[in-house]
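Shared between the two complexes below is chain A, which has chain B as its partner in the first and chain C in the second.
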Partner chain A sequence: MSDAEDDLILAELSDEELVPQMHDDLYDGLKEEIEEGVNLLLERGWQPYDILTEALVAGMTVVGRDFRDGILFVPEVLLAANAMKAGMAILKPLLAETGAPTVGRMVIGTVKGDIHDIGKNLVSMMMEGAGFEVIDIGINNPVEKYLEALETEKPDILGMSALLTTTMPYMKTVIDTMVQQGIRDDYIVLVGGAPLNEEFGQAIGADAYCRDAAVAVETAKTMMSRKHNSLVAG
Partner chain B sequence: MDAPLPDDDALTLEGRAADRTGRVLLIACGALAREILDLRDANGWDHLDLVCLPAILHNTPESIPDAVEAAVERHRDRYDSLHVVYADCGTGGRLAARCAALGVEMVAGPHCYSFFEGNAAFAARDEMTAFYLTDFLARQFDAFVWRPLGLDRHPELREAYFGHYETLVYLAQTDDPDLTETARACADRLGLAFERRFTGYGDLAPTLARWAANQ
Partner chain C sequence: MANALSALLSTRDWLMADGATGTNLFNMGLSSGDAPEFWNVDEPGKIRALYRGAVEAGSDIFLTNSFGANASRLALHDASGRAHELSRIAAELGREVADTAGRPVIVAGSVGPTGEIMEPVGPLSHARAVEMFHETAEGLKEGGADVLWLETISAPEEFRAAAEAFALAGMPWCGTMSFDTAGRTMMGLTSDGLARLVDDLPNPPLAFGANCGVGASDLLRTVLGFAATGPDRPVIAKGNAGVPKFVEGHIHYDGTPELMAEYAVLARDAGARIIGGCCGTTPEHLRTMRKALEDTPPGPRPRLEEIVARIGPFSSDRDGSGEEAGPARKTRRRRG
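Now for the complex of A and B:
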């Protein structure tokens, strides 16, 4: 890092300079700088929702795109995510207070036998950033845990994640159980994880396979708007 | 005269060229080269030739099916039969589908951890919180785990990757006290408990024996 960058004082930047600088800081995974930037914008009278979308989500979208294009790798994405998470921790209570719009609700969890949650956590964070309320039920979830969460949380979307070839078939167990109980069509079911693909998603009866967090957000938004339209039409 | 076994770094990044001597070609992951050649030499399977793809494909399993197909097409004309010494290896069934389309057989099981221990025994353990190393991966821990995960630059990410793991299980193909200590040090670096489990070559041995006999 150059001396000039070392000496950069965020408080001295105008809003027009600060927001792109926060995108850069997010890209570089600079957690403290993101916290400082969020607090500065709040002090300057920005609405929490605007900070979330313009400074954080927009910055993280660049990170996601560069990850997909092979420019960034998992460690860099994790650092960026940690920085964004720190910024969101400041904004979250304020978003609740200010009545920011909620696009929909999602229950998300890693399937039984699988303890991997990096991808799931990224999806959760990006979905929250996009205005979804996310109920994360963690790792190693048996079908009963998913059904319980659907019953109590009444989400629009169920998200399932798996990293292992040996655990991904469990997604079908969950969907088949939902079919048996006559509740499958009550929810949008999205699946993701490294060994999955489009064909697998179709074969197990999911509504969509999402190859990364950005695709998950776009797919969820599209399906929510389709659901909304069909309800209006119906 | 067979070419010497490449060193681990070469097996990781480049693989191993075929000797172009036998009638049966094994197309394998570079991480298995030493074990396959040991079995071949011990059993006198002189008609088996070996080509290895770079072992580092382990970290990008989505690229394995295309790499295997390219190797099959490149070598098919020269050999009476070809076999693929990969298990599913994180390809989500895509390698099995590709091998079926190419008309070549592959090793049964989800990955080498499983077939080294024996697929039935491995499945019966149902170990969700174990992180595995083989002999090769213990020797190449930095190239396969530490550096690709960015832990050399950002050790604070260790919890994000390994927070839900409990034990590093070293599946040992050989009795090598030095390598056991290397594997134990890997466990320490990841903050995990350590267990050594001797497997030998597991299901790999009978699989290669069958291919060697059937040609």
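Now for the complex of A and C:
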């Protein structure tokens, strides 16, 4: 805030100091500092995947936790996610070259009649922040759009979002159609949005209701590891 | 007292607003995902019935079916050019119902959020937000709304933009926000934060408060937060009738008419002068609320424990009111 500001030169920090500093800068949504930090670590010979997990994902975990606990709110999280995204933009081509593992794939979209994409965007960013590949199909999606995306993108997870009481029942329409087509169990279905709750998620046949973006990430990770385990066991 | 709402407020201790729009339109056959505002033109009889349902249940104020009638929201339905028209007709139908009610009933022109995030965090500019709100406001004004009624807002910036638009339209207004995230709005604003915001506006609303959110308990806590600031203007409480559940393929809110009657009385005791419901609140709920408000003498301001005992638990331990302004932030470069 006052005297200490701008006194710090990232390049002069050791790796042990720089990484926690990047966590702080992510927390504060400082995009340029994150870009600088990522580039510094690359110059120092870090693997892109290590920068992603240790500097960026670990930092976003703190942001996610404070968001879940009601310490941070949407504006701060959006700024943090934007900073994260800037760092990711540098790493993405390098990660692709090195064939780094992805945690899983997710198709996400807001249901028909709903323009709200704040929650959805947050989930997308936090999921990407956690190493997932996210295909965002935007707002106002009829059931056909969801099915098409499942077909072409072959994700592990389908995420649906609704912020209005007038649109949330549409999630059931999508899930019911998946059941009819016999493809429901091929995907993990996560739902979220302000008017929803856990009981609602269960009643419409989703795998889980996620209260916020941080919970979505935790739930997705848990379900993916369960999926892997059952594949190994099966 | 140039406007009908102030006139009515000056003669009464409390006023009852209406209940849900979406829930009641679903009960009349609206499909999920469709724009409710199209029914102003395509099913005017059902919209009149929606309004009449509230009036006949004892509401002194009802909101028009124009919540999503702004250019941004209507763009979803390829109807971004119809914001003015759909708003105007929503208010015209309301005027018809109010003018034949046989008692003073206020037509409140509902103005909902644009659904976009405003600058600097998001893409929507202040100027564009004002322009969209202004278009809706002019439509509602032309249709004969007594006041404009901004609702379910999360961002202070959007609240300010709407206020500016209402000044351009020269209309009196009321404004409520939705406190759905740990007792704050999605954007982190507390109840006392809204009270301060309202005081700072060049054209403050006639009344302000909370609508929607999580459940009736949380909403009452928010009203207590407003009351603690000693507001200069009436406080509005429009809470949901419980939380949504899926019952036999339809959304059902679990708040009973009896619970909402308790809520209405507690809201008044907590300091609200305009009391209504939001999602899940049907005319049946409104009837019991009206009766309870008439039959129950005013009581002392309820304590939080009393709200929990009578209505149910809160969704979070605290709501941020009375704490340091804004979320706790670490300072930049603290390791420096």
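By definition in this document, the second predicted complex is superposed on the first by the 233 of 234 C-alpha atoms of A that agree within 3 Å, B and C clash if a C-alpha of one lies under 4 Å from a C-alpha of the other, contacts with A are read in each partner's own complex, and residues count from 1 in each chain.
What we mean here is this: contacts are C-beta pairs under 8 Å (C-beta built on N, C-alpha and C of every residue); 3 or more make two chains touch, one makes a residue touch a chain.
Here the structure is a predicted model, which means the values were calculated and not measured.
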Chain C versus chain B on the shared chain A, clash or fit after superposition: clash
Chain B versus chain C as contact partner of A:140, first or second or both or neither: both
Partner chain in contact with A:166 - chain B first, chain C second, else both or neither: both
Partner chain in contact with A:194 - chain B first, chain C second, else both or neither: both
Touching partner for A:72 - first (chain B), second (chain C), both, neither: second
Touching partner for A:36 - first (chain B), second (chain C), both, neither: neither
Which superposed partner A:118 touches (first chain B, second chain C, both, neither): both
Which of chain B and chain C A:156 touches, first, second, both or neither: neither
Residues of chain A that lie at the interface with chain B and also at the interface with chain C: 73-76, 78-79, 113-118, 139-140, 164-166, 168, 194-197, 200
Chain B residues within the chain A interface of the complex: 61-62, 88, 90-94, 110-111, 126, 128-129, 148-151, 153-154, 157, 160-161, 164-165
Residue ranges of chain C in contact with chain A within the complex: 20, 22-23, 25-26, 30, 32-36, 72-73, 75-77, 115-117, 121-122, 154, 178, 180-184, 186-188, 243-246, 249-251, 279-280, 316, 318, 320, 327-336
Chain A residues touching chain C - in the complex, by the definition given at the top: 1, 4-8, 17, 20-21, 24-25, 27-28, 30, 70-76, 78-79, 111-118, 139-140, 142, 163-170, 172-173, 194-197, 199-200, 203-204
Residues of chain A that touch chain B when the two form their complex: 73-76, 78-79, 82, 113-118, 139-140, 164-166, 168, 194-197, 200
